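Each chain carries a letter (A, B, C and D) given by its place in the written order, and its residues are counted from 1.
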Amino acid sequence: MMTMEKAQKIIEAGIAKAKEIGQPMNIAVVDVGANLTAFMRMDGAWLGSIDIAINKAFTAKAFDISTLELGRNSQPGDQFFGIYVSNHDRVMIFAGGVPIKMNGKVVGAVGVSGGSGEQDQAVAEAAITAWS
Amino acid sequence: MMTMEKAQKIIEAGIAKAKEIGQPMNIAVVDVGANLTAFMRMDGAWLGSIDIAINKAFTAKAFDISTLELGRNSQPGDQFFGIYVSNHDRVMIFAGGVPIKMNGKVVGAVGVSGGSGEQDQAVAEAAITAWS
Amino acid sequence: MMTMEKAQKIIEAGIAKAKEIGQPMNIAVVDVGANLTAFMRMDGAWLGSIDIAINKAFTAKAFDISTLELGRNSQPGDQFFGIYVSNHDRVMIFAGGVPIKMNGKVVGAVGVSGGSGEQDQAVAEAAITAWS
Amino acid sequence: MMTMEKAQKIIEAGIAKAKEIGQPMNIAVVDVGANLTAFMRMDGAWLGSIDIAINKAFTAKAFDISTLELGRNSQPGDQFFGIYVSNHDRVMIFAGGVPIKMNGKVVGAVGVSGGSGEQDQAVAEAAITAWS
């Protein structure tokens, strides 16, 4: 089960990766109910990415899928095109939201925003390795 | 006329199909006024699909058309592109919302979300066969 | 843990009480994450109460308290006055939302709307007795 | 200037007080721009209070006043009655949001939600002592 302590460790792991990359990030963690558990904005991280990080985490748990993968199915002409207006505009369809799995079940998610899609994704993937 | 009892039967038929497919679904039914009559989330179905199932049902009755068909006319360059931000972002333009017809009139709709577009559509179509 | 089957039984118990009272109701059940699990609108129940029933259930889990009790602390001059605009206007502060407890923990909630406060409360309280 | 590190210390001080009181809390910190810097939900804290804690912090910086004090001027008949629907319903007018001052200037704010008004206020006041 997601706890505050686990969420903190996930964020810390993300921060370490962000520092390595040299790009300040917003990092959010949600629990199994897609509800926010913890959030940190590194100094200098984009203000507009606060909301995006939180909603990437929401999206990754809401659909038990990474936002990168969801985005691949949500382009014009794709099977989920238009999904981004659902859930009161909280569905993010670009890289940076990653579900956290335990024994095959999604138990929460992390959302990262503040850099390129590649950077956000790298930080999110580094962050979830701290789950245990 | 849509009733709670009919809506329950429609949802039950949808659940049976979802179990056959092996994918847990969110299933919603709206009445002739596009107002929610019944909703069920099968155990393990995506949380983000609660809103989507309800809004697919809304959309299918709101425009008396399947969301799959509406989506075909709502891609970039199409005649309805941009419709998804109308009605307070409740218009869903991908498969899974199907109107229920009686004597050529639309009397309600079902909305299904929880799998691929193909799966959602199959469950919705199975669900409406329970209307009588 | 809340399941679709349990939610259905809770709603059925609420419907039985509503029939006894002779007032059609909207009844919603949410899980431990305050996410909608099931919803039924009895024939003739108020349309405006669809949203209210769902949000009463949300509120009762979101704050682990009945909406009746929350309302007693949310009048002008009270410690929570103004709480109703939080959570995107989803906080209901009048009778009809009741948390479901198991071993002292809140595991979900029911929300009922369609009659007087007294009627809504009576149906909600009858509904949760079906939890087991 | 508010930094992530300072925000973390503020939250830690708040958590210590919350543990002393024995009531799990949601704690948020915003910077001089009223933008979220950090947030933590203690295990078992109310889900509905995530939004409230964040918005109490927003409010305390947005108006450079504690939400308790703002609330005293926002009751029916008061000079600011109705202010809570401004700013997209983000203005909280009950205890738990406290501005952080340095040399007479407000440099950020903390928002706490998860208990009674008195408890929220006590945790918020304890939290801001960690500012230095």
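The working rule: a residue touches a chain if its C-beta (ideal position, glycine included) is under 8 Å from a C-beta of that chain, and two chains touch if they have at least 3 such contacts.
Since the structure is predicted, the reported quantities are computational estimates derived from the model, not experimental observations.
Centre to centre, using the average C-alpha position, chain A and chain C are separated by 31 Å. The distance from the centre of chain B to the centre of chain C, each centre being the mean of the chain's C-alpha atoms, comes to 25 Å. Each chain gets a centre from the mean of its Cα atoms; for chain A and chain B, those two points are 28 Å apart. Shown for chain C are the residues that touch two or more other chains, namely 33-35, 88.
If each chain is drawn as a node and touching chains are joined, the picture fits none of the line, ring, star or complete shapes. Those chain pairs judged to touch are A-B, A-C, A-D, B-C, C-D. Remark: chain B residues 3-4, 7-8, 33, 35-43, 47, 50 touch chain C in the complex. The touching residues of chain A, when paired with chain C in their complex, are 31-35, 88.
Against chain D, the residues of chain C that register as touching in their complex are 33-34, 58-59, 61-64, 76-77, 79-83, 85-89, 91.
In the complex of the two chains, the chain B residues touching chain A come out as 46-49, 51-52, 55, 71, 74-76, 84-85, 89, 91-95, 116-118.
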